[in-house]
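Letters are used for the chains, namely A, B, C and D, taken in the order the chains are written, and counting of residues starts over at 1 for each.
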Amino acid sequence: MTSTPFVRHNAPSWYEASARERVRGLLDAGSFKEFIGPEQRETSPHLGIFDLPRQFDDGIVVGRGKLSGKPVFVAAQEGRFMGGAFGEVHGAKLTGLLRAARDAKSIPVLILFDTGGVRLQEANAGELAIGEIMRALLEARRAGAKVIGLIGGRAGCYGGGGLLAGCCSALAVSEHGRIAVSGPEVIETNRGVEEFDSKDRSLVWRTMGGKNRRLIGGADAFVDDTIEAFRAAALFLIERAPAFGLDVLKAEQARLAERLNRFGACADGLDIWKQEGIVDAASVPGMSAEDFTALANRIREPRYDAR
Amino acid sequence: METFSYRHKAERRSTGSKAQAIIGVVASGNLEVLVERVLPDTECQVEVSTPITGFGSVWEAVITDFVERRSPGGLKLSINDGGARADTVALRLAQAVRLIEEEGR
Amino acid sequence: MTDWRKGQGARDARIRAGAKFAKGKIVEARDATALLESVILPGDRVCLEGDNQKQADLLAGALAAVDVGKVHDLHMVQSGVVLPEHLDIFETGVAKRLDYAFSGPQSTRIAKMLFGGKIELGAVHTYLELFARYFIDLTPNVALIVAISADRDGNLYTGPNTEDTPTVVEATTFKDGVVIAQVNEIVDKVPRVDIPGDRVNFVVKSDKPFYVEPLFTRDPGAVTEAQILTAMLAIKGIYEPYGVRRLNHGIGFNTAAIELLLPTYGERLGLKGKVATHFALNPHPTLIPAIESGWVQQIHSFGGEVGMEDYIRARPDIYFTGPDGSLRSNRAFCQTAGLYACDMFIGSTLQIDLLGNSSTVTTSRIAGFGGAPNMGSDARGRRHPSDPWLQAGKEADPDSPAALRRGRKLVVQIVESFGDKNVPTFVEKLDALELAEKLGLKLAPVMVYADDVTHIVSEAGIANLLLCRTKDEREQAIRGVAGYTDVGRGRDKKMVQHLRERGVVRWPEDLGIDPLEADRSLLAARSIEDLVQWSGGLYAAPSRFRNW
Amino acid sequence: MTLADILASLFPAGHDVVQEGGLLFGSGPLKDGGRITVIGVADRTPLGVDEALRLAGHVLAILEQGGDGPILVLVDSDSQRMSKRDELLGLNEFLAHLAKCLIYAGLQGRHTIGLLYGHSAAGAFIATVMATRSLVALPGATPAVMDLPSMSRVTKLSIEALQEKAKSTPVFAPGLDNLAQTGAVLAIWDDKSSLADQLQALLGQAEDGGDRRDRLGKARKGRPKAADIAERVHDLALQPE
């Protein structure tokens, strides 16, 4: 028996790309215009205390561009610099962008999350930045802007980043994407390895990974790890995402209550997936994006009116 | 943090018309290079900020070679280093110049 | 009258002593320590099977638990010092003297214990060398081996990780020693008889599968641009011009990068079928794309690799599989194959000096040699010709008449000029020398001797040492590819320029390679997941390498 | 001050605030005649999926009743509950949902007030008091982004080294004063005088003029750059192309 060999498609990988490469590939060619670019050298005023090197853009790229001809605001975190964590400058750039989206009212915002959470070396400033971003994000949504989160980077989307993701109008996530509040190591440190073995990658992904998030309704779209796929998902979700108001919050309350009700007693991702009606739950983690998307759409239609 | 600044004469002006480009990230074993077209055509400047001390002579050798090989006239290159190896530095410098010389990216 | 059967008598006495704990040949795991206490005598030479990958972990634990009043001063003769118990027995006095080959995971502790005088060191060997001594002057009295399954007669199935077992058993059984095997399960019929039952005296059933280290798995996600550049240099500057078809790849990311570039960069150079067709090689997962793309014709393996079992089973045209379909590896044979039937060894190292001697020893770590010095040496007994061998011989000695000229094996050291934590690979003096002085060793632990090395490849270029005619040229050729290390910056620029003109030193631009092309998009697989896909889902990556 | 003391000082005329499973629900009369809804977390309870959903549900029920009455969020919590179960179920969404409900209430014209009277940390802090329009604290409150052992593990610095740096660096060190300096805390109330008066005074302050915390942080020299950076990005983004 012979088979056709797999040839890795050479479409640029989202996971491997830098924040700038993601932005460049996501938007219409040549359309991106950065605000406070690296040449302005607006670096962190705090990292020096820890003798840590700074990055000219403080780990986030914000600006404006076009997606399929229409204007969008975009912010992309660089997960390799300080784990993509929110510091004072980093956070303020995103706050400013979202406040602008609020005032512009109809321009969608794409947030390319890639973050371990708050940058601990400037923890108070970073924590407050999350609060400010959150408020600006919701003001933008209430004014009519769609805010779409795209998650599939090295650092995942943890801590305050996870909360911000939960505030977006819609989320697209890839296999690599992880969304959570407490990171695996933090849980292990605080609760012991019996509660959570942070070195067990399979466990980490079953718990926080993109597939579980899509299956429980924590993300609206599951995509292949390519910039192309994230672009398509962004276009799709901008159209589907809900406005923000009391009805949406009530729908979300019901959605989350149903989840607690159905899965609250599950000990593992596998149990949830079985409960969802997936017979061979153990095969889910190894599934290709295409197969998984088909399965997920069959099991749980994304609902776009409840976040 | 240790900082260095090197000024060199370059043989010719770097080609292309882009005003600036940036490559790399500040991460363990990596670095970012910001390149800006802000100097007279035969001058080149490299600014380095690194948390790893004691490698001054290596930086100097890498940058001297770089100027010789790539002739980055008119360019100012600013480096934030995350503890990169010399060959990675050389590669990023070359990538930075390629990026600013390319059109349309 | 001379008693010519003392050895047999002693063996029979040991077996009788052990039989108290056995039903037939089968011994319960809880009796393992008592069994060892009755079979092993003070001062015995014992082989506690610690291979490169698989470990007789239950028996190691049992030996560590013996009463030191009953069993002590053992002379351990084993290829791998891998488990903590392998060294614990020297702390307690159960063992005293050690002859071994490889100590990867225990390299720091073994160094400490050698400095502290806790271990009386015989020598550090290559695998083949230690195996050879099993038959001459280091024959075990007792061998504690490991297999997957046994039947009631003691026939053993060693599975994909046969590794050292046949060699150890051969030397022990046929010279009046006792063989004790730990197995994962007792079965009615083993899938394949790797060790005949009449060579096995006792079988201990373990409660859990023996430990195997996925030593040869490299995650493509961690391959760097510098490693890709170095791999490009090796393919274009060595594989292509010599037309190397029969070869061995060492362990590490540099050779993994080569494996991942064959179906992309190698394809572009038109080298498919012309290079890298026959390997003496463990089942490296990173070779899957090249195999699936039709590059590779045959691979013989030293050992197995965790997760590769089903893939190998489905590719019997490529691998050596038993009639039962599973991989049959054999370290002794594969080492011999690497020595005599391969035209090239390419592998990495930690330090290279100005002559080209290389070592993986640092002042605080003694990792041992494993198989590299054997792979990475010229076989003086080789008599069959091949084009790469003849060409290398000609480059080394252009003036002798062709019919009387020995060929040369290509021994290539592939490195990056700076290693981990910015530590230079190129040095004036090897740490191995300092270590030898400190320990009073007669020989410094040199992994590959300068006179065996033919090429050094780094991201800075290739030095062809075959073409060097003087010691000075050799030193400058090495400095010429030593990048920005002190050794590299100390080069004589003029002389290196001259060597470049002669092709002794070739920098990337001399080979028409632009370092800017060295991009991860060149890799045939960028992740473990890609490898699984290449394998059609047959490769079952170990959990630490995957998200699922 | 105990919770009972605090409630007594806030509502000298009595209140119907009850505590259930570490959470607070109820309301109390204001001096000017209105009522203020009370929710909260007490006894250093960690905020997990169940708690967050209950609190959010309560806020939504209040919003559904209509009107523009104020909401007081009293907090003495742990951080978010760090457990496999909570993360498995998507704790980030539950905490975000609670924060959304509170922020939405604020945007609808209700004055939301966070009163931090004990501990709080990380996700629990963001999802509760941080999501109110006015965050005030009582002396002795101990907010922290992350405890030092966790911080030590993540930054790979020893606890001692962190403690040493904490002496000189308000921007990362745990504690109320440091956080107040960044602008997160509007005011630290005086626990010696009537909390009811201080609450009434806060409610009497001008309309919500938007998020001013970055300006406050700049004025208090706790965050030198945030306000200006945000404003510059905002202005650049709104410039015509």
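Just so we're on the same page, a residue touches a chain if its C-beta (ideal position, glycine included) is under 8 Å from a C-beta of that chain, and two chains touch if they have at least 3 such contacts.
Since the model is a prediction, treat every value here as computed from it, not as a measurement.
Visitor: Quick one: which chain's Cα centre is the longest way from chain B's?
Guide: So the chain farthest away from chain B turns out to be D.
Visitor: So, comparing each chain's Cα centre against the centre of all protein Cα atoms, which one is closest?
Guide: Chain nearest the centroid of all protein C-alpha atoms: A.
Visitor: Where the CA atoms of chain A average out and where those of chain C average out, how many Å apart are those spots?
Guide: Spacing between the chain centres: roughly 43 Å.
Visitor: Any idea how many Å lie between the Cα centroids of chain A and chain B?
Guide: Going by mean C-alpha positions, chain A sits 33 Å from chain B.
Visitor: State, to the nearest whole Å, the distance from the C-alpha centre of chain B to the C-alpha centre of chain C.
Guide: Their C-alpha centroids are separated by 41 Å.
Visitor: Would you give the residues of chain C that are in contact with at least 2 other chains, written as numbers and ranges?
Guide: Residue numbers touching two or more other chains: none in chain C.
Visitor: Let me make sure I understand the interfaces: which chain pairs count as touching?
Guide: Here the touching pairs of chains are A-B, A-C, A-D, B-C.
Visitor: Of all residues in chain D, which touch chain A in the complex?
Guide: Result: residues 49-50, 53, 56-57, 60, 63-64, 80, 82-97, 99-101, 103-104, 107, 122-123, 125-127, 130-131, 145-146, 149-151, 153-155, 157, 165, 168-174, 178-179, 181-184, 211, 213-214, 217, 222-238, 241 of chain D touch chain A.
Visitor: Can you list the chain B residues touching chain A in their complex?
Guide: Going through chain B, the ones touching chain A are 1, 20, 22, 25-27, 30, 32, 34, 36, 49-51, 78, 80-82, 104-105.
Visitor: Give the list of chain C residues in touch with chain A in this complex.
Guide: Contact set of chain C toward chain A: 289, 292-294, 520-521, 524-526, 529-530, 532-534, 536-537, 543-548.
Visitor: Hey, which residues of chain A end up touching chain D in the complex?
Guide: By the definition above, chain A touches chain D via 33, 35-36, 42, 45-46, 49-50, 62, 64, 73, 88-89, 91-93, 95-97, 99-101, 103-104, 116, 118, 120-132, 134-136, 138-139, 142, 159-160, 162-167, 179-182, 185-187, 189-191, 195-196, 207-208, 212-213, 216-218, 244-246, 249-250, 252-253, 256-257, 259-260, 263-264, 266-269, 272, 307.
Visitor: Spell out the residues on chain C that touch chain B in their complex, using ranges where they run on.
Guide: 224-226, 229, 416-418, 422, 459-460, 483-485, 489, 515-516, 518
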